Structure formats: structure tokens, C-alpha cells
Amino acid sequence: MAEYAMAIDENRLEDWVELFDETCDYKIVTRENVEQNLPNVLMWCDNKNMLRDRVESYRHVNLYNLHYDRHVLGPLRFTGNDGAAWRFDVSYSLFQTELEGASRLFSVGRYRVEAIAAGDAARLKSVLVIADTGLVPSLLATPI
Amino acid sequence: MAEYAMAIDENRLEDWVELFDETCDYKIVTRENVEQNLPNVLMWCDNKNMLRDRVESYRHVNLYNLHYDRHVLGPLRFTGNDGAAWRFDVSYSLFQTELEGASRLFSVGRYRVEAIAAGDAARLKSVLVIADTGLVPSLLATPI
Amino acid sequence: MAEYAMAIDENRLEDWVELFDETCDYKIVTRENVEQNLPNVLMWCDNKNMLRDRVESYRHVNLYNLHYDRHVLGPLRFTGNDGAAWRFDVSYSLFQTELEGASRLFSVGRYRVEAIAAGDAARLKSVLVIADTGLVPSLLATPI
């Protein structure tokens, strides 16, 4: 997850996509929606090509809302392991810095992750981002 | 400590209590009080039953100040080890999110922890929360 | 890096200096300067004696801007290893608390570190602090 966060923070979104398996699932929801079983999602890509499209569209279309991202992640809490797959939760804080210099808290929440072994490395099978913060979706230019 | 933080953040306070030993000590103080040797404490439970009472009282009485907690912890710094007990410090940042959606910094500080082996797991013998932030005690509905 | 952060946060700046090698390099720059290849630095000490001087000067001169520091670091991402040296990146969030009690976000960014083995421990050969936040240099009384 260190590389996951650094890839986003350094605007290496193509590297970020490469951490996922081809048959992956990436979804951002708010905690309120999860706890009330509401179906709203802020972003959802249910395979790797959708992630690629998303990043490509960001590269070509979005020229507004320029900022630096900075993730600070807590320790991993392992929640399960069946065969080649591990499941774990990680809390995150995400800060954004405008180009003129002020940093502010953008979102806090939790990743719920399923990863599988792939040679020496691991590949992300499923990343569910549960944001405590009720984000404004239109600001979600970059992934969390 | 990953499970410690997640249990509070997910409002599983009963699970949080179960991480402690029966003869435990849980105390929240401010850094200013520690450095000036003042006796004030913001919360103090000197055995596990007091923690249970605290959580039960929270479950039945406190219906105000609804919020989500989110801890992001830094790495452990081990400070000692005698026999079956380890001592370590961990820095924390604690964010709160109101139900309508804005997240804000609530407190930062440090845990000073003593843990003992208990079978395959560890049990918390002593947790001293030293808050840099001079907290308003009346807001301390949930533990840190 | 746990001890690096704790030493600063506990105002044990002399201990912080001792984590470095004699022929070390410590530099604070902003991310904007790095990405635009500008030469500005906010702080630069290119050997251990300069760090010692810096801390001594802080001890004797600076009596203003009293605050507590609190670093919360993310996981290490290793980026290289040649012989006895490791390279890794770490994201940081740094909070400051005024003595009267309010905590606020001071800076976020990344450490780019080179460390070498020294007996059982490690010694810091090079620490480059890349701050996302465009800091006001005059506030930089203590290191990051």
C-alpha cells in the first residue's frame, strides 16, 4: 500500500493502475452509504480497463483543480486469508495542497483490500475506499 | 495497535475493551500536564471493569455528539522489553467527521503502551494517552 | 524513522542529530521547487556539525514560536539497495500544537532517505525533506 499511495501522490497514475489485477474492482463509497445500505457510489471501476480509461481521461481532459495529493496510511490490519488471497484494512488520511502552498485535510477513511500473490509481488484484486468524509463527487478528479 | 484503532473507529468499543488485560490501566492526560507534573487526567480507568462500565454508560447514556472517529497511527518505537512485557510508543492523529460530512483534526499525540503476551496474541497492560492537543474533556465521549 | 520523528516531537533534538552519519546531508525543499528544478532550499546542512550548530543555535537563540510538534509517518517504500545502503521514501504529516491547546496541520510531504548499516543500528546518510506545503521559512525553527 506504500507504493499505492506514493503512485497517486506523485501523479504516477499509470503505475497505480498497474498494481491492480485485470479482473479487479475499485470502488469509492461513503461510510454513511455503507452503514445505511444505500447504493450510491462516488467512483466505480469493475475491471482494469476501466481504471485505464479513467486515468487516460484524467490525463486528457481534466486541467482544473490542480493540486498535490498526500496520503498518510496507518498500519495494516489483516482480516482474512484464504489460499492465495489476503484481506486487510488500512486507515488513511489524505491531504491536498494547492499550488500556491496551503495544505488541508481532504478526506479520511479506510481501505478494505483484497490482494493476491503474483510472483514476488502482490496484485490488488479489490479495493473498496470507505470515506468517512462525505466528499463532493465533482472534486474527485484523482483516485483516493 | 491497528486493531485498537479500528475497533474505536468502527464503534466496536466492546472489542476495544477486550484488547486489555483484567489488571490494566488506561489514562488520558495532556502533554502540558505531563511536562509540568500536574495531576489532572481527562479519563482514567485502572482496571478492565472500569473500561466496561465506561463503554456501557456510553452505549446507554450518550446520544449526543454523533461522529465518526478515524485514527491514523505512525510506526511503533520500541522502548523496552523485560520478560513477557514490551513497551513502545506510537504517535497518533485522530480525525472526527460529523454526520453531515466535514472531517476535521480532533487530536494528535502519543500512546505509551505496555503489552504482555497472551497465547498467540498480546494483551494491553497499560495505555497512557498523552494528547498534545488540550482537549475539552466534555467532548471525550469516546476513548482515544 | 519512528525514532527520528519521536526525537523531534519530544524536543530531543540532540538525539535527532545523533541519528545521522558524520558525512550526512539534510535538506528541506518544497515540491514545487523540485518539480520546476529551482535551486531554492528552506534549510540545508551538508554535514553533521552543521546539524549540531543548528540545534545549539535553536537552544540558545530561539525563544519564540513555542509549540509541540507531532509527526505521523506512513509506511516505508523501499526504492533501492546497493551494498550497505538502503533508499526509501516515507510520507509524513506534521501537526503543531500551540501551548494553549489547538492543534493544526503544519506541513505534509515526503522524506527521501538514504541509510547505512552501523553495527546493529542504521545511520542516516541523507535526508531530503520534500514539503508539499509551501512553508514560510521563518517559521522553520525546528527541523521537519
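Quick notes on this one:
In this document, chain identifiers A, B and C correspond to the written order of the chains, with residue numbering beginning at 1 in each.
Basically, a contact is a pair of C-beta atoms (placed from the backbone, for glycine too) under 8 Å apart; a residue touches a chain by one contact, two chains touch by 3 or more.
This one's a predicted model, so the numbers in the text were calculated from it and none came from an experiment.
Fitting chain B to chain C on CA positions gives a rotation angle of 120°, reported to the nearest 5. For the pair chain A and chain B, the fraction of shared interface numbers is less than half, so the two copies use mostly different residues to meet. Rounded to whole angstrom, the centroid-to-centroid distance between chain A and chain B, based on C-alpha atoms, equals 28 Å.
Along chain C, residues 72-73, 75, 93, 105 each make contact with two or more other chains. Listed in rising order, the residues of chain C touching chain B in the complex are 1-3, 5-6, 9, 68, 70-73, 75, 93, 95, 97, 99-105. Only residues 30-32, 72-77, 89, 91-93, 105, 107-110, 132-135 of chain C touch chain A when the two sit together in their complex.
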